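I've put the structures underneath this note.
Below, subunit A partners subunit B and then partners subunit C, in two separate complexes.
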Partner chain A sequence: MAITFEHVTYIYEPDAPVVQKVLDDISLTIPGNQFVGIIGHTGSGKSTLIQHMNGLIKPTEGTVKFHGEDIWQKDYPLRQLRSRVGLVFQYPEHQLFEENVFKDVCFGPKNQGLTQEEIEQRAKNALSMVGLDESFYKRSPFELSGGQKRRVAIAGVLAMNPEYLILDEPTAGLDPVGRDEILDQVSRLQKESGITVILVSHSMEDVARYAQRLIVVDDGHIRFDDTPRNVFRHREELEKLGLSAPQVTYLAAALKKRGFAMTEDVTTIREAKDAILQALSAERENRSGNGIQKKEQVKTDD
Partner chain B sequence: MKMIRLFHLMHKFEEYNEEGNVSGESTALDDVSVEIEKGSFVAVLGHNGSGKSTMAKHLNSLLLPDGGTVFIKEYDTRDEAHLWDIRQTAGMVFQNPDNQIIANVVEEDVAFGPENMGVPSQEIWKRVDESLKKVGMAAYRTKSPNQLSGGQKQRVAIAGVMAMKPEIIILDEPTAMLDPVGRMEVIRTIHELNRLEGITVILITHYMEEVVDADRVLVMDGGKLMMDGTPKEIFSRAQELKKYRLDVPQVTELAWELKQEGIELPDGILTIEEFADALCAYRDALK
Partner chain C sequence: MIKDITIGQYYAVDSPIHRLDPRVKLVGTVLFIVSLFVAEGVFGYLAAAGALAFVIHMSRVPFRFMTRGLKSILIIMLISVSFNIFFTEGTPVADVLILRSMTWEGLEKAVYMAIRLIMLILGSTIMTLTTTPNALTDGLEKGLGFLKKLHVPVHELAMMMSIALRFIPILIEETDKIMKAQTARGADFESGGIIRRIKAMVPLLIPLFISAFRRAADLALAMEARCYHGDANRTKMKPLRYEHCDRGAYGCMAAYLVLILILKFVWKGWIAG
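Entry: the complex of A and B
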């Protein structure tokens, strides 16, 4: 089970005098049951990349496979693919249109040829997955808050029972609590149902906290593809790519510079807390006895 | 000198039923009073729907009060005779750069505002020059906006406002759609305009780290002004902020977490530097 890219190149307007490769020879495998983060500056190609995953864009060269089958071969059921690989666009609340929340979420499964009963069951499950209870069913999407609207839009995609859920900056413009609510719910959903979540984000803090794997896109290439911890070791390179590392990663580096015997491999608040507590207890031991010997140890660690 | 004065500002929105008839009213701003000093950098925080964007729209007569009064300098925003004085004094920058850029060349986009104001063309080009320099985009003068990054587009939008020689710039989530470096560029630019040009800045944002260098932070909830203080004062009240669906910067939260473990750090740590200083002081006091 996987989405596979084999040497995928995408050229915007191949006949233009100056050929611009939006994606340049990308090979990539995204298996099931993963939480993947994708980061890259504006215009890096990450939106084009995710739109290849459910066949919204056809590669100029190379092959995109879903579960081993070329999605651009003749007679491949592309429509079905789009419900198995669900894509939630930026500002998805602009796409809500039904008169109430429940109907809006039913829209996707309705087009999958299910019975009315199945459709409603799907919608109920999807809404409960994003934390919206029955009191929301009959409300107009337009009277909801920004975060609630966005959850309705995500539920609309979940109701199609996708195996992959791609979210393009799902938290842009939301307040901090709204951001946490959505990402906590998506993360819980990922763990419970085993679907793969692909989160495109400009928040380094968010991908550090939720993703198991982090892909860095730049200029149509994949620059890094590793755990967040390993990717955020490359702070300076990331900055050159228009990105950064979480604030606590910079803090860990600053503390190390000021003589704390601690790791820089810190990407979340929890990790930072553990690292600092450890460094402080080392410090206490250090002071309460053979100080000189310990000091030398710290030096050699450097 | 007070640049902005809000006295008991009220704003109501009409609610519509399914047939499209008015079915009720909701209060978006509820008795907001605040005065803002010339040259200050004020950040406005609040969850989605708290009323902060509505308030911003009152600052250049895009919305008019249902009760109370808004003064921009000496102008009452309801005074139509001064509408253009108000709009020229208080420029707005919005969230999505692509909705704000209209021309095909950067310099033309920046010239659009002063052109509309009837500024003589000699003077317009001088202003375009100066404004692009101020936001660090002079090298892109003849480029197409399509070739720019999000952060660069936002800086062009800011230059467009600067070319009208405003005294106040109001930015409504100007970084929500930008990558980290774009965000930094925009925040740095508006701090420079504030410091070097004396522009009064009203920055609405959901990113707590962007607020730490402001002179003053206003927190809104339910259309009311709930908190008003320096960043240090505001972020020392983390529990209260959570109640308003807000947050604190990562280092502030980390300091709080460590305090729970018995590490005595001062309240309201806002930056990496402050954190490192405080932790060094703690370490040096260890016996």
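Entry: the complex of A and C
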């Protein structure tokens, strides 16, 4: 159970005078049941990388395997692969086209050739997974709000029951509430149904909070591939790549510099809160100790 | 999936021809085409070919880019050439079989016709190869400015043209994106009969139209927000202004026209004498 990249290189225009390697000799394994974050600045090759995972792009060199089988061998069922590796593009609401929400979500399962009953069951499940109830079914996708549209689009991919769900910046352009809702739902889905989620994001906070594993892509290479905590220890290197650590990590570092007895090793708000509270209580103990000494001094002065 | 589509056929290098004012190139192309029909006799065509070769050389565009345009008119050219050969009255070429209906006069006409057509295409290809579509629109707007007096909305037409040109690559990119997104949802654009393929286009076309409308509305709003109000009192960031080389180019054109005319009368006199 895995998506495997073996020395994958992708060249945008092989005939061009200056060969530009979008991906350069990438080897990677993504096993089942993981929450993987992918970060990298614009143009680093993230989008090209994820489009290799469901066979939308053919590598120039190297092989991509799904469950051990080369997906570009002859007669490999690519359409079936695409329903097992669901890919939600950036701004997925731009792909909606049906007259109502329910029909649009049915598009994926219908292409899988299921029976009408199964199709509808899948669509209902998918819509409830993204938190849209029956009152939405008959509404036109074009009259919904941005966040709702995006959830419909994600449901459209979920309805195909993928084993892998790839999300390319699913929260771009959403308000904070919409962002948290979508990511919470995806995270719950990952825990409950055991699918693998691959989240491409520009938000260090988001990947720190949700991902178990973080892949940093830069200039067609994988620079880091580790837990978010370990990756964010390399603050300076990340900054050189045009990235950063989560803001709370900087806060923790700044506090430590000011003399607070606390760890820099925090990546989420909750961790930061705990670390700061701990540091504060330690401080208080210190100060109250000092205070007693001072009082004693005052007494002796008397 | 969709790439390698270039709009117009602009070839980006820096050359004296590229730097010329688009109006000069427009006028030059029209004059050159007129000159092809005015010219007469071997020397006239030699002069035209010489001028063309000079401009091609100055433009620094590889010659194979020029000949691409010729492929598209090959069939038209073959038809008109053979019509000329066979249907012009005069002395037959020889008294055998098919050659009986070919005439020397027809052959001569056909050769001139072919040369004219080839040079005509090459001449106008040069213009599109060395001028960006936007510069061309600018040139048309300014060059046809006199039509405003006749209440032809020249500026608005030019604006529409440049917006349309600007949007083509955007829409191509958008098509590619939507195609990929629907492919990821199991859509199949490649197999099946005609009816199935047309039906398969629906999930592509509807989002594409919606995005085109959205972009158009956004653009209109952005123009409104910048107080765009059409032609009146509008200034340009890069106004077209004739430079020395543009005047020089006009001079060369005039000289070329005079030369063609002289050659024409000399040739006529020579034939008559």
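The working rule: the second predicted complex is superposed on the first by the 283 of 302 C-alpha atoms of A that agree within 3 Å, B and C clash if a C-alpha of one lies under 4 Å from a C-alpha of the other, contacts with A are read in each partner's own complex, and residues count from 1 in each chain.
Simple rule for what comes next: a residue touches a chain if its C-beta (ideal position, glycine included) is under 8 Å from a C-beta of that chain, and two chains touch if they have at least 3 such contacts.
On a predicted model such as this, the values are computed, not experimentally measured, just so you know.
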item: Subunit C versus subunit B on the shared subunit A, clash or fit after superposition; value: clash
item: Touched partner set for A:260, first subunit B, second subunit C, both or neither; value: first
item: Touched partner set for A:37, first subunit B, second subunit C, both or neither; value: neither
item: Touching partner for A:247 - first (subunit B), second (subunit C), both, neither; value: first
item: First (subunit B), second (subunit C), both or neither touched by A:228; value: neither
item: Which superposed partner A:59 touches (first subunit B, second subunit C, both, neither); value: neither
item: Partner touching more residues of subunit A, whether subunit B or subunit C; value: B
item: Touched partner set for A:277, first subunit B, second subunit C, both or neither; value: first
item: Stretch of subunit C, among 20-28, 164-172 or 218-226, that runs into subunit B once the two complexes are superposed; value: 218-226
item: Touching residues (chain side subunit A, partner subunit B) in the complex; value: 40-43, 99, 140, 143, 145-147, 169, 172-179, 202, 204-205, 239, 242-244, 246-248, 250-251, 254-255, 258-260, 269, 272-273, 276-277, 280, 283-284, 287
item: Touching residues on subunit B, where the partner in the complex is subunit A; value: 15, 18, 46-50, 95, 149-151, 173, 176-184, 206, 208-209, 242, 245-247, 249-251, 253-254, 257-258, 261, 263, 272-273, 275-276, 279-280, 282-283, 286-287
item: Residues of subunit A defined as touching subunit C within the complex; value: 51, 54, 56, 79, 82-83, 86-89, 92, 94-97, 107-108, 110-112, 142, 156-157, 160
item: Residues on subunit C engaged by subunit A in the complex (per definition of touch); value: 174, 177-178, 180-188, 202-203, 206-207, 210-211
